[in-house]
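Below you'll find a set of structures to go through.
Look at the two complexes coming up: chain A is in both, with chain B in one and chain C in the other.
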Partner chain A sequence: METKNNNKLGWLFASPYLIYGFVFFLGPLIWSLYLAFTNWDLIAPNYDFVGFSNFIKAFKNPAVQSSFWVTYKFMMVFVPLVTAASLAVAMIVQGLPKLKSVFLIGFFLPYLSSGVVSSLIVKGLLSYNSPVNAFLRDTFGIKINWLGTPFTALMIVALIIAWKFAGYYALILTSGLESIDKEVYEAAAIDGVSRRQRFWTITLPLLYPAIYTTLILSFGVTFGIFTEVYQLTGGGPNYATNTWQMEIYNQAFKNLQAGYASAIAILAAIVTFISIFVIKKLLEMWGKRNGWV
Partner chain B sequence: MVGSNDKNKLSLTIRYSVATLLLLVMVFPYLYMVLNSFADWSQVDRQLIPSSYSLKSYSWLFSGGETGTPRPWLNSFFNSVIVSVGSTVLMMVFGIMVAYALAKIKFRGRDAVNNFVLFHMFFPAIILLIPNFLVIQKVGLYDTYWAMIIPKAMSLWAIFMYTNFFKAVPTTFIEAAKIDGATEFQILYKIMVPMSKSITTVIFLFLLMERWTELLWDMIVVRSDEMLTLNVLLSQMFGPYAGYPGPMYAASVLLTLPIIILFIIFGKRFKEGMQFNLK
Partner chain C sequence: MKKKLAMLLIFTVAISMLAACGSKSTDNKGTAEGVTAIEFWTANNPPQQAYWESLAKEYETVNPKIKINVSPMKETPSSEANIQSAIAGGSAPTLSENISRGFAAQLTNSKALVPLNTMAGWDDIVAGRNMTNTIESWKFSDDNQYVLPISSNAMLFGWRLDILKELGYNEPPKTYSEMLDVAKKLKVKYPDKYVWAKADLADPAAWKRWFDFFMLYNAASDGNKFIEGGKFVADDKAGIATLGLMDNLRKEKSLLAENITDPFETGVGIFTDIGPWTLNYWAEKFPELKYNETYTLAAPPVPDDVKVDHPKTFADTKGIVIYASAPKEKQEAAMEFMKWVYSDAKHDLQWFEKTNMPPARDDLSTNDVFKAFLDENPALKKYAEAVPYAVPPMDNAKFNELQTFIGQEAVNPVVRGQIDPTTGWNNMKKAIEEALK
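== the complex of A and B ==
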């Protein structure tokens, strides 16, 4: 009797998710797989089954190819940048006897900003007559078209997103640092271990779980960039900042090629899934090899 | 001994200076935004720290600007409030309900539901963008508040966090309440929810912040001007070739301020919750 009641109750409590999961996840997933093999344009009532031609078209499309490479280029800049910045913030703040939480909350502030707002500010800061550019022009005669040059545009997008997440990851790392026993450091200091050695032999291994968390989170961020790119560069110049989301948005809602865009979305999901899986395995191997886990 | 004390003092001073410098660099874009929203229009984006100030940007924003019609800013602010609060409250309620079932009710099929949640959570969401848009269109919700609220009424992250939290609550609490004749709903709202105050604060603030700053979804499911959320309006108004940088900063302040105020109000509890969260 008791279990029968529990069964009903369990399903009742879980039902909001089950309904949601069916309507906004499982159903759409199947629909999306089906759409990817059609040439539907989002408007016309009729469409044809076109086999794998959407996928073949996607493979040949320079915009799709670039969104593949942009992800990894972005990753190579963003992940080290945000990890180094959050680690530096955490290490510096950790040693402060007072005002620690005031500093941490200050560093956390950028995380609260909308991508639209931070992009608009950066755009203002980099406009032709902006104080930054005026200074560079007048003192050094340097003229940089920040958002119009492929390399700098990508750097700026990576920088804004790193700015946004560094304080948040610093919070995670600080709590990791706090859980390290002070006595370990004292013992090491007595043994005459240098500051640098202490970092590599004590802090890093004991902080590894927290670092692992921030790394996984930041790799995850890499595959979901849209707002900053949409607002700042629209994917340009010359596809240099064209992310998967940007390309899918353009194909589906600008060019109205829903079938083709679904095929790109499936490719993006496969790439994301495999990449995250491989990265996770590599990080775990790296941790195990050094005996940190 | 004195020497080492001096050395400590010096290293602390250096630490504080570096921390302050870093903090200034991090918060600088915000300062720049606020200062420029109050700057005289001839100085916006011309000086790092403007020297003369006026309220013109704000009065432009709220009075009529270019068109002279009552500006859509307050309206879109209101839209943002409805959509974000609506979504976030539903995400919290559903998150708590589902998590309670997954953590504390032993029912047949629980493991299956749990696995499905985990699978859903790690599934790249991007693939769902187009079909979810089509679902909204097919059921006739396009261009309504519901289009922005219902598909964003479930947070897998909230379910995950609450499930972990509830699992840590001793079952004896629940059994004792049951003996006293409490129903499951009463247990949930009178025992579990009050116990989770600090983690609830963290989850609520994170969800609200994320919902408040959402761009892509709100942009594609809404068409008419009076339905736009503040974030989308800001994005559309001040696109690539827009003028009026002063009002742009004022509108950015308008979008940023509510979230910062909320985090300050809940600051202490947020800190406690984060500490629990990160353990």
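== the complex of A and C ==
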């Protein structure tokens, strides 16, 4: 009887968050599912039910198609970059004799900075008449249209986001490094294992749980890229940086096609869940194959 | 103890709910004691806000029965987005300014705006402000007027006069061939300078076409409409010629469509679109730029075979709308306020002085009220003279999507040299016609 009362009390204490979740997550999700089959324009009091035409239109839209592929392009650039950078930061900081916390916080600060601000700074740096480009032109005769070229535009955006997240992921990896038993390294040293071998055969395997976490997180980030793209490239040039979120924003708030935007959002969600699921399974298989799990 | 905790939690939740309910009651203070209060959202910039606040206060002394609550629109992520969410959330103001005709078309499509010509006092406003001719081009395809024009910024092109003189020209080019001649001579003398340096040429964002493509197209077509009543009615020849100019400039290596900062001001580019609001910015940031010394203003160039005395241009027009969601008495109060504002030309002079944006009226360059101000500001006089030749933006609810196609399918690839003008035009036309179905 007391257990039953405790359960009720538990549910009661949990109810604020449950209500919050229902109101702000489940409600909008259901509403979005409904909207995806309408032609509502965010303002009009009336709208029509249009069946699956929004989805059909989305599949045919070159902008939506580009969103699909651009996400994976960002993934291929961003994930290796941020993983290598965060691992490097974690290893360097871990090796410091003093002030580890100070340096970690320093590397973490980009994560707290506004994407808008950092994007605008980069935009200024890459301007045609910026010191960087003026130097390249005058000294080497190199003329690069950084944000107007598909390849470099993609790279720039990926670099900014990698810079932003590297410190954050380094925190996770640092905690993973801290959890590795020092005696393992001591035993390895006795056996004459080199530093490089120690990294690949001890550090990396034992760090797998933390790396797994940062990899999953970084793959997820690529499905939510918006701010930097919005500020720097607007999805261009030629849709080269047109992400899911950028396309959803354009359709919903520029073209006022809320129903169509909802359909795209649902497609984005489906692609995201499937992709993350597959990636997660691949990572787990990789870990098992190497005996790390 | 458990019961007490449970009761405390319930009490907390109840208080929160009551607080939420209580906040709604403030919305019902629209009319009290015979005074009608209207909400007026202004543009989010100090000069316009100050202008409307001062007029509102003055009007309230004339008509104490109407109270005007002036507040600036939020512009994050954009003023349009805030208006949309306000309408969708049921908290739209009575009226707002700074509404472009394109955005108004979107709102009209959703039945969010009042057709102003159906309101009492509309004819008085038009007559009192002397804008019978100006207002004609503002009419929507359903023959209603949804936007009361405030300003008509006839966009002009600026030319670096100091550099033109070095090339042997005393006045800016008027035709495409003259412009290309300038490009050739410029490249010989200054290999690192461009006729047209503008990052936006490579940007597909819809609104940017107003300040490159449409300025030129309106001139080349002598004001031929682009979209009318849901149909593509553009002048093919003029459109292809417009793209052709961009393509030819690119071929002469005189067009730079990259991310660049202040190209005209620094002399990297010698040709650019300029709105009257730029003059204040220059006065602060680039005081060395002097009208008719460093730079001059001109109407858009036209193709060689287009013979017109005054080329048309794009009008960056903004106006006032009244929202259909507002109560009838508030709508009527808003019209009364507008009638009072525009019954006196001095109010428009005040606007002109504060914002540099030409009031949308037929007699701007002939009315004595404005003479002294225009004589003191010759650059603004140039804009005032161009007002009658300014064409407002298209009034299609899908203008954003349609204008994006102009960039994506035509302007952007042409300036990059990826396709020829005719192909670009046809691709754009196909995309637009498909979207209009």
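Operating definition for what follows: the second predicted complex is superposed on the first by the 282 of 293 C-alpha atoms of A that agree within 3 Å, B and C clash if a C-alpha of one lies under 4 Å from a C-alpha of the other, contacts with A are read in each partner's own complex, and residues count from 1 in each chain.
Note that a contact is a pair of C-beta atoms (placed from the backbone, for glycine too) under 8 Å apart; a residue touches a chain by one contact, two chains touch by 3 or more.
Keep in mind it's a predicted model, so treat the numbers as computed, not measured.
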(message) According to the stated criteria, A:Phe59 is in contact with first (chain B), second (chain C), both, or neither; which is it?
(response) neither
(request) Figure out whether A:Phe49 sits in contact with chain B (first) or chain C (second), or with both, or with neither. (result) neither
(request) Check the residue A:Ser130 against both partner chains and state whether it touches chain B (first), chain C (second), both, or neither. (result) both
(message) Applying the document's definition of touch, where does A:Trp200 land relative to chain B and chain C: first, second, both, or neither?
(response) neither
(request) In the overlay, answer first, second, both or neither for which of chain B and chain C A:Phe22 touches. (result) neither
(message) Between chain C and chain B, which one touches more residues of chain A when both complexes sit on the common chain A?
(response) B
(message) Output check: A:Gly224 vs chain B and chain C. Expected answer is one of first, second, both, neither. What do you get?
(response) first
(message) After the superposition on A, what does A:Gly234 contact: first (chain B), second (chain C), both or neither?
(response) both
(request) Tell me which partner A:Lys254 touches in the superposition: chain B (first), chain C (second), both or neither. (result) second
(message) Going by the contact rule set out at the top, does A:Leu120 touch chain B (first), chain C (second), both, or neither?
(response) first
(message) If I apply the document's touch criterion, which positions on chain A are contacted by chain B in one structure and by chain C in the other?
(response) 9, 12-13, 16, 124, 127, 129-130, 234, 253
(message) Going by the contact rule set out above, which residues of chain B touch chain A in the complex?
(response) 12, 15-16, 18-19, 22-23, 26-27, 29-30, 32-33, 36, 44-48, 94, 97-98, 100-102, 105-110, 113, 116-117, 120, 122-135, 151, 153-154, 159, 184, 209, 212-213, 215-216, 220, 231, 234-235, 238, 240, 245, 248-249, 252, 255-256, 259-260, 263, 267, 271, 274-275, 278-279
(request) Report the residues of chain A in contact with chain B in the complex, numbered from low to high. (result) 3, 6-14, 16-18, 20-21, 23-25, 27-29, 31-32, 35, 88-89, 92-93, 95-97, 101, 103, 105-107, 109-118, 120-122, 124-125, 127, 129-131, 134, 163, 166-167, 171-172, 175-176, 179, 223-224, 226-227, 230-231, 234, 244-245, 248-249, 252-253, 258, 261-262, 265-266, 268-269, 272-273, 276
(message) For the complex, give me every residue of chain C touching chain A.
(response) 2, 5-6, 9, 13, 77-78, 80-81, 84-85, 87-88, 106-107, 109-112, 197, 202-206, 256-263, 266, 268, 397-398, 400-401, 404, 412-413, 416
(request) Would you pull the chain A residues touching chain C in the complex into a rising list? (result) 5, 9, 12-13, 16, 41-45, 123-124, 126-130, 145-148, 234-238, 253-256
